[in-house]
Amino acid sequence: MTNDNVSVSIRNLDLAFGSIKVLKNLDLDIHKGEFLVLLGSSGCGKSTLLNCIAGLLEVSGGQIHINGKNVTWAEPSERGIGMVFQSYALYPQMTVKGNLSFGLKNARVAKDEIEKRVARAAEILQIEPLLDRKPGALSGGQRQRVAIGRALVRDVDVFLFDEPLSNLDAKLRTDLRVELKQLHEQLKNTMIYVTHDQIEAMTLADRIAIMKDGLIQQLDSPHGIYDKPVNKYVADFIGSPAMNFLEGNVDGGVFTAKDLKIDLKGYEFTPAGATGGPAWFGIRPEHVYIDKEQPVMFEVKAEIVEPMGADTLVWTHVCGSPFRIRLDGQAKTRMGDTLTIGFDPARASMFDKATEERL
Amino acid sequence: MANPSTLSSTAAAANAVSGKLEGPAGPKPRRPFKPSNIMIYGTLIIFSMYYLLPLYVMLVTSLKDMSEVRMGRTFSPPMDPTFKPWIKAWAEACTGINCDGLSRGFWNSVRILIPSVLISIAVASVSGYALSFWRFKGSEVFFNILIIGAFIPYQIMLYPIAIILRELGLFGSLGGLVMVHTIFGMPINTLLFRNYFASVPMELFKAARVDGAGFWQIFFQIMLPMSLPIFVVSMIIQVTGIWNDFLFGVVYTKPAIYPMTVQLNNIVNSVQGVKEYNVNMAATLLTGLVPLIIYFISGKLFVRGIAAGAVKG
Amino acid sequence: MAVTDHGQINSGRDFAKPPIRLFKNLSAKLASLPMIMTATVIFVGCSIWTIVHSFTNSRLLPKLNFVGLDQYERLWGSNRWIVSVENLMIFGICSLIFTLLISFTLAALLDRKIRFEDSFRTIFLYPFALSFIVTGLVWQWILNPEFGIQSVVRGLGWESFNFDPLYNPDIVIYGILIAGLWQGTGLIMCIMLAGLRGIDEDIWKAAKVDGIGTLKTYTHVIIPMMKPVFITALVLIASGIIKVYDLVVAQTSGGPGIASEVPAKYVYDSLFLRQNLGQGFAASTMMLCMVVVILIPYVYLQYGGKKDG
Amino acid sequence: VDLEVTHWWTSGGEAAAVAEFAKAFNEKTDHNWVDGAIAGGGGTARPIMISRILGGDPMGATQFNHGRQAEELVEAGLMLDLTDVAEAEGWRDIVHPVSLLDSCTIDDRIYCVPVNIHSWQWLWLSHKAFADAGVPVPSNWDEYAAAMPALEAAGKVPLAMGGQPWQSSGAFGVLTVALAGLDAWSAVSVDKDADVAAGPEYAKVFEAAAAAREYSKNTNVQDWNQATAMVITGDAGGQIMGDWAQGEFAVAEQVAGEDYTCLPGLGVNEVISTGGDAFYFPKQGDADIEAAQKELASLMLSKEVQVAFNLKKGSLPVRGDVDLTAANDCMKKGLEILASGAILPDGNQTLSPDTQGQIEDLMTEFWSSDMDPADAQATYAAIIADAD
Amino acid sequence: MTNDNVSVSIRNLDLAFGSIKVLKNLDLDIHKGEFLVLLGSSGCGKSTLLNCIAGLLEVSGGQIHINGKNVTWAEPSERGIGMVFQSYALYPQMTVKGNLSFGLKNARVAKDEIEKRVARAAEILQIEPLLDRKPGALSGGQRQRVAIGRALVRDVDVFLFDEPLSNLDAKLRTDLRVELKQLHEQLKNTMIYVTHDQIEAMTLADRIAIMKDGLIQQLDSPHGIYDKPVNKYVADFIGSPAMNFLEGNVDGGVFTAKDLKIDLKGYEFTPAGATGGPAWFGIRPEHVYIDKEQPVMFEVKAEIVEPMGADTLVWTHVCGSPFRIRLDGQAKTRMGDTLTIGFDPARASMFDKATEERL
């Protein structure tokens, strides 16, 4: 087997705090130069996994390899990783320069080499004018950059990010997201990025690993996860506003929910998926249209209309379940209007009622 | 109703929406002697008197001569202020056959104070740091024992510690005394430091680990520079405790290094004829001077440090 | 690519084996050594030593002549010990209540955005800088009926005024309390103040919008929220109470009679004046029991396994 | 050699007396007296001394009340054996009464130097107070007790009584010897006979003490010498206190017989208890120091030093062969009684510190409360029954 | 002037902390039953204004009227307002029921009346099963509801919300937003809502007041603010991703920026707006299309492509300024592609270079 292309590889990783098992027999391979995002709701073990990779937590079982070396018991600084934290964790009493060079000094890198690397990182991150300030005198975005710089100077192969943007306001977040993406283009390092913000995950990732309760639910490209979620959890988790679900039965390519019948023509069942029995039918709000001819069409009443600038969100109920429809920002729908909505079952997702696996 | 003239903006009147301003506008008129304010300041002042009274009594008594003291007017200011009692307390008061007052003990106290404070704080801060960031099996158990230890009356420990010091060959030396102060300062100070470091974000520690810093590097380069307030609290507590200590100073050392409090005790307890209250008070004030000065200098930091170290937990 | 391959990768060099546990974080363990030693050798060791010797008839020097529970029988048969324990209880309960009451009141007043806060705080705190010897002495002087408050008030014309707590066996313990409160409330006040400062501003606003008066907000909302602060304060006060010794010695030496004796003094006197180590150790073992009884709930509350690593 | 000497003699007369030792030691030998005075009495000083001895860093010499206090230290082998000096100088012959030396002797070896004799059995009366009250100065306890109401009526404190426990129990001891008689006293204190302690002789003492405590209620001082000061100024009629009070009268330049009167044995039983102070020399394991220690030991017993010291201290010398013409009336009275052999052993010699402590607790409680005399007597008897 | 329809009216409000003027001569009228959102970046004085209305801060000048009554000097509890805080400020040691009834008990409302009101609030907010729990045992969303309930039971006319959702995670935020909207539909109270999240503002508000440095920049309906921002600040602030700006000159209905000329046919100049001179040209990313014929069209290179699920964001540069284009989620654009983009100047916004006011 060839490991040349694998940067970080995790085998049978177990981690427990006392009797609470947080990570359970987890396997994950991350390619060289890949931008992998760990996405999941709060408390699912994302940070824990990242800390294991960084060596900040002692694993209970399994192995971690970085660049082909087994580093399961190595010190964090020996693993060839850099890490950026949610709160940045800048050393408050050191200048930016001090922050950047601290790790290098610890590693006894030569003075001029340190100078060089700090200068380069500062240039890449455009923080040259800030080098002599202390973190207290920086804005959130600038702190963020310094934190990245601290990883950058260490010239490592793997960057770990633990929700680095979640403390920033929406605008700054958007900007820094783009910068991060550009940085990745430029550096081509392996990056492992933890977030619970799906927009971040979708925009940044080459691949996304969706975690729940210490298990990886799906590991796929953003498009793959968005279009073909492997189970109801993932489908529900990804997408904002969330996917609409209808409860019913599938039988012979037809989904029945109360008085609604949907012909599933065009829907690709998974090879393993059963084609009969109780099921969930899911369709994303943005795949529901009011102005186009569609394979499935019916009428609903607009209960709430939320204009969001670029889009308008309409809330209604279908077969007793809440149902969201995302319309263009210019749509002049008003509360109480009756709408004829339609969608294409080919873009829907079907899940088994019991296992919640994709059908 | 007249509009208060405090309304500063004249341009406002021109504003279409505003119309005329009638009724109350601007800040509520202030009554400087609101009942609630009188209550608050009144209570504070009454309590201040309770707290200041002893200081006042000490001060005026120490400035009277013995004949005036004997008149018993404790609270009246000295008719004829004299510094004699202070001089006597500092340089002339007798203990046994030595008549050089507190001055002899002062430098001893300083010599005891400095290493004891430094070492006890150093040990406690390192312990608190280790407890917060480098836990190992049992570290909390030891810590809990330590906290319980804070309750044990010192007197119980006198004999066993004397024996331990003897075995270590430290009895009667400055080193032994420093060790005793370190031991007895450890519970409360370790608690303070532990709680303080617990409020330092774990991420900072992790970042330093990733940066390859070890135990001591993280302590000296990251944690120390950011713990000034708690060091101040710890220092105040230790300075107060060690400076005022009498028992350890006298039990575990010898006359050559007896601290000032021993002299104070001797002056206060050697009754020669009548008690020389004025000298006693002067001696008392002189002895309390060092911690008092430290208090007055660092009052604000103290509250901040307490907030950081004592309240959380 | 080996995404699903579970084969072991064995090219790792050094880090494949877990290191020996004992040597992990060796510096941390070494640095904790003073604490470990203090905890085990001094506090545990000396306590066990004390307890063991409390079952002996040691006199001036510790000896291992076991006499069973004799020392305890004598202890609880001794009037002085009983009085001491009673005094400790009165002093302890009063001191606890008044310290909390006064220090919280002062802290609350200082927290009401007043002027001269710094000065007031310093005034309340400075007695903490003084030793018990000093405290005892000054208050002995102020409470002395011939020179102190009593004579002043009588001098003002109120001839029947009686205030001689240190010379009246019935109330002497309160005389000591006055001095104890004077010295100790400042620190607790600081802790309370810090706790009050830590309360979310929004809580006050919410209470205001709800139309709840200041006093009621304190009693019904703020105080219940300050539980951890009160626990810290409680422990500090309690440890001070149990150890109260210097103050009594400095103010009354236990007098008049045995009216102001306290357990710590009983221990000290037994050990050093009476030269009856066994008796002293029995008394200190009883004190240790009191400490443990007080502390168990605290340790449980405060350190019952918290904080993530 | 620097020899550190610890003691708790810090009041005026005491300090002056110690200075005599120091002067003699510094002048007569090549050694140097390092003073280690610790104020606050034996209670403060003793733990310091003991823990230093235990801690392996002992002082060169240290004061103890001779008697049973240092017994265990000697048994533990921590004290220097002075037998060779004692034999060379014939202490057994010069020390008078010889019982003092017995207290220093354990297993026929001598471990301490007695330096003075203190006697508790004195009543000090203020002439001024009696003059103010218009009654004659009494000549024994009964007259004094009868005069108390008059003193009180004159605004005096009839009997001054400091607040410290040892004062209460000491005063009680004095009353016992005077009122219960010597036989009853020695049955209880020496033979620890609890029946006698519970008997009628002692009941009388408790009654008398209960009466006396009523007249001492307003003393309001702690220290013995403050109480003495009240006698000196005439604020109090009298005080039961040991001969060390003498020093205070001397410092105040009062004249016995003119300004004050002293009544040994309360004027009832003219006896003297022979307690006192002694010096012990902890083992140092250094020949030079041991030599110095022994020099100091012999110096302390030498004639001139005994005279100089005891004149200042107000106590009686431990040798009968010294010339005390400089002594005042009271001291001479004491010397006479001593010479007549009407002596008792001191409580320190007969009772262990533990038992004494228990008695102190009882007495201080008794003197400061309304404790019923019968109850107090019962407790007292129980303590005696338990005494070892 | 008729006040019948005015619920809260603020006149010439000044507020200063010491020498720092936070609110400057502010006027604002809020209609009965209106949902007004105060939107602005951090520190612009939103909370301060809200606290003034609530009576939690003493004004330095001006008046506040609630329901026609001058309440400038009234106590908070006398003003007929209810307030919900960002941190909820629940009384932690009281049960939910206690929290709800504490204020009423204090106002000596009759027992059964209290019961009734609490029950009603609990029903509206669907927190009946939680009534006996303490806040510590509630999730963020539940706490939020209790905080609203506390305002609800007071039966007041005006509700004040200070960023009530900002402590919650994205999903919960969306849900509670909808609930709030529904609550408003149901209760018809006046609501004043502070946020710095524009999505919240857009979806919830009847009118939005955009604040900057203690001044209200624009007070208008969400559509008005989105489509016709009165100045560049507002234009930039509203919309995510933000509006694209091009720097240039406008002259005779034509905007010129370097080599690009845009004919502004269809753009409605404001009556006051000058029609010549240096200017900014602003167009929203979602008003730029690649697949439709548009009045203005030119070619750009896709520099970064961010798939966000429902949409795809393309970053490029036009005339040296960064330029964002929002495409459909299905768009298969890749980095480096050359795109022909187009937009309609009628939907653009023009701002004076110097004053930044709308032209």
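As written, the chains take the letters A, B, C, D and E, and residue 1 is the first residue of each chain.
Basically, contacts are C-beta pairs under 8 Å (C-beta built on N, C-alpha and C of every residue); 3 or more make two chains touch, one makes a residue touch a chain.
Which protein is which chain? UniProt says A, E = ABC transporter ATP-binding protein; B = Carbohydrate ABC transporter permease; C = Sugar ABC transporter permease.
What you see is a predicted model; the values in this text were computed from it and never measured.
Undergrad: Counting one step per pair of touching chains, how few steps separate chain A from chain D?
TA: Shortest path length, in steps: 2.
Undergrad: Spelling it out: a chain qualifies if it touches chain A and also touches chain C; which chains qualify?
TA: B, E
Undergrad: Counting contact pairs per chain pair, which pair wins?
TA: The chain pair with the largest number of C-beta contacts is B-C.
Undergrad: Between chain B and chain D, what distance separates the C-alpha centroids? Give it in angstrom.
TA: Centres of chain B and chain D (C-alpha means) sit 42 Å apart.
Undergrad: Hey, how far is the Cα centre of chain B from the one of chain C, in Å?
TA: Each chain reduced to its C-alpha mean, chain B and chain C end up 16 Å apart.
Undergrad: Could you tell me the distance, in whole angstrom, between the mean C-alpha positions of chain D and chain E?
TA: The answer is 91 Å.
Undergrad: Can you give the whole-Å distance between the Cα centres of chain A and chain B?
TA: Their C-alpha centroids are separated by 52 Å.
Undergrad: Would you please write down the residue numbers of chain D that are in contact with two or more other chains?
TA: Within chain D, residues 47, 54 contact more than one other chain.
Undergrad: Touching two or more other chains, which residues of chain E qualify?
TA: Residues: none.
Undergrad: Give me the residues of chain C that touch two or more other chains.
TA: Touching at least two other chains: 146, 268, 271, 308-309.
Undergrad: Can you tell me which positions in chain C touch chain E when the two form their complex?
TA: The contact residues of chain C facing chain E are 200, 202-203, 205-206, 208-213, 216, 220-221, 224-225.
Undergrad: If we count contacts the way the header does, which residues on chain B are in touch with chain E in the complex?
TA: Touching chain E: residues 6-9, 11-12, 15, 17-19, 21-28 of chain B.
Undergrad: In the complex formed with chain A, which residues of chain E make contact?
TA: Spelled out, the residues of chain E in touch with chain A are 41-42, 169-171, 174, 177-178, 181-182, 185, 196-199, 202-203, 222-223, 226, 238-242, 284-286, 304, 306-310, 313, 315, 326, 329.
Undergrad: Which residues of chain A touch chain B in their complex?
TA: Contact set of chain A toward chain B: 51, 54-56, 75-78, 81-83, 85-94, 102-103, 106-107, 150, 154, 162.
Undergrad: Can you check the complex and tell me which residues of chain B touch chain A?
TA: Touch list, chain B to chain A: 201, 203-204, 206-214, 217, 221-222, 225-226.
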